[in-house]
Amino acid sequence: MDINVAQLFQTINLATIMPEIILSVMAMALLLVNVFVPSKSKGYLAWLSLAGLVAAGYTAATGWGLNIPSFSGSVVLDNFAIFFKLIFVVAAGLTVLISDQYMEREGCNQGELYPLILFTTVGMMLMASGTDMMTIFLGLELMSISLYVLAGFNRANIKSNESGLKYFLLGAFSTGFLLYGMALVYGATGTTRIAKIAEAAAKMGAPDTMLLIGALLILTGFAFKIAAVPFHMWTPDVYEGAPTPITALMSTGPKAAGFAAFLRMFLVAFPVMKADWSDLIWIMAVLTMTVGNIIALRQDNIKRMLAYSSIAHAGYALVGFAAANTTGTAGILFYMLTYAFMNIGAFAVVVVLGKQGESNGNVQDFAGLAHKRPALAAIMTLFLFSLAGIPPTAGFIGKFYLFSAAVQEGYVWLAIIGVLNSAASVYYYLRVMVFMYMKPAEEEFGWVKVTAPITLALVVAGVATLALGIVPSYLLQLAETAVKLI
Amino acid sequence: MENLTNYLLVSAVLFSIGTIGVLTRKNAIVVFMCIELMLNAVNLTFVALSRHLGNLDGQVFVFFIMTVAAAEAAVGLALFISFFNNRESIDIDDANLMKW
Amino acid sequence: MDISSVFFAIVTIVAVVSALLVVTCKNPINSALSLVLTFFCLATYYVMLDAPFMAAIQIIVYAGAIMVLIVFTIMLLNIRVDANKKSAHQLVLGSVTGVATLLLAGLLLTRGKLAEPVCNITTEMINQQGHTQLIGKVMFTEFLLPFEVTSILLLAAMVGAVILAKRKLS
Amino acid sequence: MSNILSVMTFLPILGVLLLLFIPKESKGALRGVAMLTTIATFAVSLPILTGFQTNADFQFVENVPWIAAGPFAMRYNIGIDGISLWLVILTTFIMPIAVLSTWTAVEEKVKAYMICLLLLETGMLGAFISLDLFLFYIFWEVMLIPMYFMIGIWGGKNRIYAAVKFFIYTMVGSLLMLVALIYLYFLGTKAGITDFSLLHFFDLKVDPATQTWLFLAFALAFAIKVPMFPLHTWLPDAHTEAPTAGSVILAAIMLKMGTYGYVRFAMPLFPEATHQFTPLIATLAVIGIIYAALVAMVQEDVKKLVAYSSVAHLGFVMLGVFSLNEQGVVGGMLQMLNHGVSTGALFLIVGFIYERRHTRLITDFGGLSKQMPVFATIFMIVTLSSVGLPGTNGFVGEFLILIGAFESSLRWYAVIASSGVIFAAVYMLWMFQRVMFGELDNPKNQVLKDLNLREIAIMVPLIVLIFVMGVYPNPFIEKMTPSVQKVIAKARIEPVATAKAVAPVTVQPEAAPAHPAAEKPAGH
Amino acid sequence: MFDNVWLIPLFPLIGFLINGLLGKKIKNETVIGSIGAFAVLCSFIVSVMTFLKLIGLPGEERVVNVKIFTWMTAGNFNADIAFLIDPLSCLMLLVVTGIGFLIHVYSIGYMHGEEGFYRFFAYLNLFVFSMLLLVMGNNLLLMFVGWEGVGLCSYLLIGYYFHKKSAGDAGKKAFVMNRVGDFGFLLGTFALFWWFGQNHNIWTIQFTELQQNAHLLPTGGVVTIITLCFFLGATGKSAQIPLYTWLPDAMEGPTPVSALIHAATMVTAGVYMIGRMSYLFIRSPETMMVIAVIGGCTALFAATIGTAQNDIKRVLAYSTVSQLGYMFLAMGVGAFTAGVFHLMTHAFFKACLFLGSGAVIHSMHGALHHVHSHDDAQDMRNMGGLRKHMPLTFLTFLVATIAIAGIPGFAGFFSKDEILWQAFANPLHGDLNMLLWGMGACAALLTAFYMFRLVFMTFFGKCRIKEGAEKHLHESPMVIVIPLIVLALLSIVGGYVGLPKLIGDLVGGIPNYLEHYLEPVFANANEYMKDHAHAGHHSHALEWGLMGLSVVIALVGIAVAAMLYLVKPDLPKKFTSAFPALHRAVYNKWYIDELYDFMIVNPCKAMGRFLWKGFDVLVIDGLVNGVAHVVMAFGGVVRYTQTGQIYNYAWTMAFGVVAIVGYYLFK
């Protein structure tokens, strides 16, 4: 069996993975630059990373509609992947913008941060693009390993250590289940290629137990990444301890990546078993929303609160998944994008208001912000309203589509539970606003300085949150197109 | 060649032992070792299935899992050290600053 | 019962016992050494499964690299005995869950149906062409991309490990 | 000008943009710009009033695609008919008054306050003119935000509780409505409806069982907003804590959203369910009338008293609207306007004395008439209007409602509700007496100043309206009649004798006993 | 031809607006008073012209509707601002504007120097305006406008001295009780409108149209309900049992108000309303009986209370209630003309009495003020012998008293006697007639007694005023006295427009002008009565006898009063100490106010308090907040699952896996 190199290279189209290549090369270049350019300030690395991300995003976007499989079918650049890649670019881009100030303040401003962020982005992109379980697995691991490091990046901070440790152990543990599931699927179908799994599964007629259980174990693995109950337990602790910008990234990028792989696996490989897994996802969605929201009601630490809220948001997205129709999946795509904007926006404000040593991160510390820094409070309000799903913000449109999908599929109760959860969630978002607007300022917020990158991040996130709430049509249509191809 | 099921059973046993270890041990490094044990169990499943199916994809997968395991070990142990530097302990019970 | 079955049984016993030791040993070093033993057993299985290349890298990567790293860390952190003061409920719950996992896996294996063998790789092929070459062919054709990704993965891990384990920042 | 509705609706947003560029220290400029904006909005709304053709069609319609993705198509579809016309005018009319009322009451964070007011105006106008269900929902929710801030930031002691309660309470209801809305839409898509335009859904036949649920969801949202007993408890809190302008707007306009919602959406969309739930809603409305009156009677806080009186008044509106005949619905619509004018004025009045005395407890007052004769006169007129004295606006609405209800199947409800007029007199006059009459024994009250020119200027338009609408309500009625007839035609499920054409008022031969079974008294 | 009738209410409205808006600026009392009085005078003149025009018409054309503009139209409901000019309304116009004008003039003197003088005249004009609407409205709704409008003015004027708590309370009480009545009025309107519309597709509330269609109405049944509703309205407005208690309290208002509103005009609105809809009421024998009985009871009941009051105005107030009872008695026995007749004569003499008492109080007040005494200027125990100081006032007062007591030749005699006779002889109530007559006669006795008691206590005997104050007592100025004289004259001659047929025949065929004049109004009702009830024939002798009896009764009453309060002034004290409980009960108005407080007011307040604190706050809000608290508490519990322990988290995950896999394996 000779290897036909020519034939091999015919299956390879580097354009497919060009975004990943650009980011990887950029990351490596940054590693070198970091070593060889002696500069105390690392801000320029952020701008370089941003440039790389934008380039990667642009490259990805140029592939819209082309739908190129490559590497003998282990990866593909279809609209679905491109949409998610853009989400990752947004998440990572906003993250690098808000990182510099934070890292500077916390005294851990090491240049390696940016390459790691880029690596984790590459991982996410591979998860979105992968059409082979191995690609997905490796993407997931690349993403996770970089994130483990990033979570523990603030080495001097105990919480950061703890966060890294917890994330690592639990992440590795969940990987075990994921892999076991993949093994079972492999055993049941004899292949790791998603398309072939789908073929094999379709041939079986009645779904085989082995395949079903394999799929369920894979589901638990992804559920861990998207922080769905009962695989959510790591989320609050890890989010709270990780450096704030990284928390922002973790709550958006990996969650979206998890959904990307999740959707691709389940909608392409296991649609025949939809009847089996959609009930499960139904229940998970309810639990996830409810648990996330009701615990968030009682949080004082804003990062922890946003962590629980992030669990709840995964629950909303799962509503769309349970429906598993075009509206729902497109809704997830759209929601993940808007969630990236609004959540990182909110975290950006948290970053700005934080003090050295991760202090000043309680809701109470927001007291009177609106009187001293009205613009900051206003934009935070926008993000919070969007998170709460109140029009005319992007968060509302996103939720609208997700719940609509459920209604469309006849899951009216799911939608009702969803909206009730939404209503409950309003309480804790409002609570932040209560402190910002309705309590007297105890401090002058003199230390608060909004640097240029953060301003950019806030403006971009703010404009996007509002614009996607008022004129979401274009992006919704894109999301629609994106999910139609899988 | 031994019956495939036996291999799968052994793998399941090892996987379960690994799970028990993760759930019952306190030392983070031991917990990590147990996770490695779980991964190895999966590896065995893969290889056995690969052999049964007569296709090498599973073994390639194992190769990647090993790579990942190595990478995880590197990062994980670095995290342990970092944690230890601050807490003078490697007990996972001591990772309890953040809760509720 | 033929020889190979007996051998399989012996290896299995060793593997399971050493795995149990990993979980039960109070001293992490002992656990680590038990784990090495388990790895060897697995390597043996791989050989028995006509996967000598996998057996080799099992020894090299796991027993050689990972375990050395682990033992090294244990030594570095100077932890000796796991003062296992785990509460009873944790032990019970953990064990029950673990056993449940096992039972479910067993149940699954009895119920589950595997794919029909494709048999494009046969023992003869392995003997003829060599396992390494066959693996290499697959890895560098069909799974070229994942292979390339591992390089990034390792780089990221390396950078990360360096960052985290570096001497304390001033 | 074909897009006059849009101009009117978004003019306040333009004002907000202007305000953003004014430094927050120059309060005068901030107030001035806000005032000018609201006046300009009012001015823009006047051509709508004059240009409105008295027919049942939606007019000044603008209909352009907005969102189209997935199964949905939302349109920027706005228009006005006889039902929304007056509410829109009421809104634009009340807003300058609200702005003027805060001239000295709000000294802190003037900029934010004015921004809130203007955003609120856009939200409310948008909700009234939306003909697209989705667009309506957006505006419906958008209204909450500025109001939440107004209560929460500029409110009284217990403001945060009130603000959060207001927000979440309303939110719960409206979210359920959202689900119903989506459900309805998908029902519609099966019948070939391709967008959220309200007019399409009017023609949709929904099976009665489904209607029940959809109606309940809509009704809940609206009932909370109205608010109907027993969903009213957010209102006294919100009113008591809100700053004057907030209370005024809340009472005068926002509560109307609920009743408007019934007339515009819940009833015509789900006629069978409307029929089915009429007894329930009428019961709640009547309970609300009596209950709120009794509770209002023993209130110690003037503002809370007025708040409870709102509950009672809106009970009347609901009763009228659900009597589903022309008198009732017209009366209900009219009563919405009346309530807007009189209760708005009452809150302004409470604001005046609060501004002077920083208390709203009835016991802190007494004998103010002596010190503040002009105020006393105005207060008296407004009180009487609220009580529904003939000659004032309050009477016309109440009377039409009651006669409408009496004519419909809600006869006995009307009888009980009529007793509400007694209670209204009791609590309002008692309050008036305790505040304005008696010895002027509190030294703090002895130095009170009468209303100044600005305050009088605020009240005069309202007073004029009180009388104009009381003495000559016909122009108001005429403009809304065709639309009301249309709604009734949609919302009724069976032809009833009263729906016959206006009868010739002559002696009829005795052999014409029209006795349809449907008109038997509701047996409750 | 009656195109200018809208001027009648317009003048007082203009007066109200001028005084109300500019009065404070004008300041000059003469100007303000003149404006007020002039406005009413203009109305009076137009009224007279209208009246003259009307009686110039043939009888059957004497009902004219004048539409001004459409008020409201909604569906089949239509109401116009339109006026009805017919004999009844014209009569009322004359009474209202005539007496109104006199009282305005009187007020200029009486209210001199009062704070808020302009306010008083503004209210008074507003009252006249409302009363005119009530009278002239051609439909139920417009009548209701006036109906409530006069209630409002009554409220405002009772509470004129708003700094007095009692005044405010009294005003509120009046308004609320009137509202109770209005509730009935509204219901009646609804029911009537609905019944005609529903059954005959006649959707109207216009009086003439209703009358045209009255033949469609059944006897009793629904008509009873409708009329009882209306009658409830009448009891409120006209202070009948059970809603009479506001009227005595209403004496807190300035005396001209009492005269105008609470004696001559507003309180008679109920009577007017029944007269206006006689064709309706007559169709329900049950209602007629209720009216008659309640009228009779009120007449008697109020009279008893009147005997024990010491406040001069309160006596007059109870007297008013009692006289109103007479009017209702008349209406209830189908003697509509008699009722209206008594309405008119009562307006004359009671206005005169009130104004006279006002003059007395005015004088007393001035005198007491001079000696810095805080004695009650209205308490008859402080008066006595005033006839020397105020001869003109005394004279007019005496004339009016004789009139009310029912001494032949004076106005009250004719009307009262007519009522008593009709009560006795009416065809409607059968055996009940004796009782009705008895109550009326007893009331007449008591009336004569307490009125003369009043006269004796006030004008005769020793002057009991505080020492030194007596010399400050003096006759009132002309502006006060002239109206008194006019009214006293009217109290004498007013009765001759309605001479009983008996007397008329006797003195040479003088017809009963009033009956003839009102014929078109009550024709429908009278015809119905003729068709449906058969009067027993009563001889002239009986009628003469009863007439004589009533005169005797009046004289007895006067004699007793003279006995007790002139001849042996210490007898009453002995009497009261002999029956202390009885006296206390009568003096305290039979504790009816307390009963109402106990039965209605307090339970309502308690209920309100309970609903607020107990139900609203505790139950409803408790539920609402309870849901929130439960959710919050739940969150507080669930958050502890998040222990921060890795093994816990890992276990949860493993458990999740086991549960999911287990479920699907065992499914």
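Each chain gets a letter, A, B, C, D and E, in the order it is written, and its residues are counted from 1.
The criterion applied here is as follows: contacts are C-beta pairs under 8 Å (C-beta built on N, C-alpha and C of every residue); 3 or more make two chains touch, one makes a residue touch a chain.
What you see is a predicted model, and the numbers here were worked out from it, not measured in a lab.
Chain D has its Cα centroid nearest to the centroid of all protein Cα atoms in the structure. Across B-C and B-E, the chain pair carrying more C-beta contacts is B-C. With centres defined by CA atoms alone, the chain at the far end from chain A is E. One inter-chain figure worth recording: chain A and chain C are separated by 30 Å, centre to centre, where each centre is the mean of the chain's CA atoms. Our note on geometry: chain D versus chain E, Cα centroid distance of 37 Å, whole angstroms. For the pair chain B and chain D, the distance between C-alpha centroids works out to 65 Å. Centroids built from CA atoms put chain B at 25 Å from chain A. Chain A has residues 134, 137-138, 141, 145, 148-149, 152, 155-156, 164-166, 169, 173, 184, 187, 190, 209, 213, 236-237, 427 in contact with two or more other chains.
Contact of a single residue of chain D with at least two other chains is seen at positions 168.
Shown for chain E are the residues that touch two or more other chains, namely 628, 639, 642, 644, 646-647, 650-651, 654-655, 657, 661, 665. Interchain contacts (touch definition given at top) occur between A-B, A-C, A-D, A-E, B-C, B-E, C-E, D-E. In the complex of the two chains, the chain C residues touching chain A come out as 108, 111-118, 129, 137, 140-146, 149-150, 152-153, 155-157, 159-164, 166, 168-169.
Taken together, the chain C residues at the contact with chain E in this complex read 86, 90, 93-94, 97-98, 100-101, 104, 107-108, 111. The touching residues of chain E, counted against chain C in their complex, run 647, 651, 654-655, 657-658, 661-662, 665.
Against chain E, the residues of chain B that register as touching in their complex are 19, 22-24, 26, 31, 92-93, 95-100.
Residue ranges of chain C in contact with chain B, taken from their complex: 4-5, 8, 12, 15-16, 19-20, 22-23, 28, 31-32, 35, 38-39, 42, 45-46, 48-51, 53-54, 57-58, 61-62, 65-66, 69-70, 73-74, 76-77, 79, 82-86, 90-91, 93-95, 97-99, 101-102, 105-106, 109, 114-115, 117-122, 134-135, 138-139, 142-143, 146-147, 150, 153-154, 156-158, 160-165, 168.
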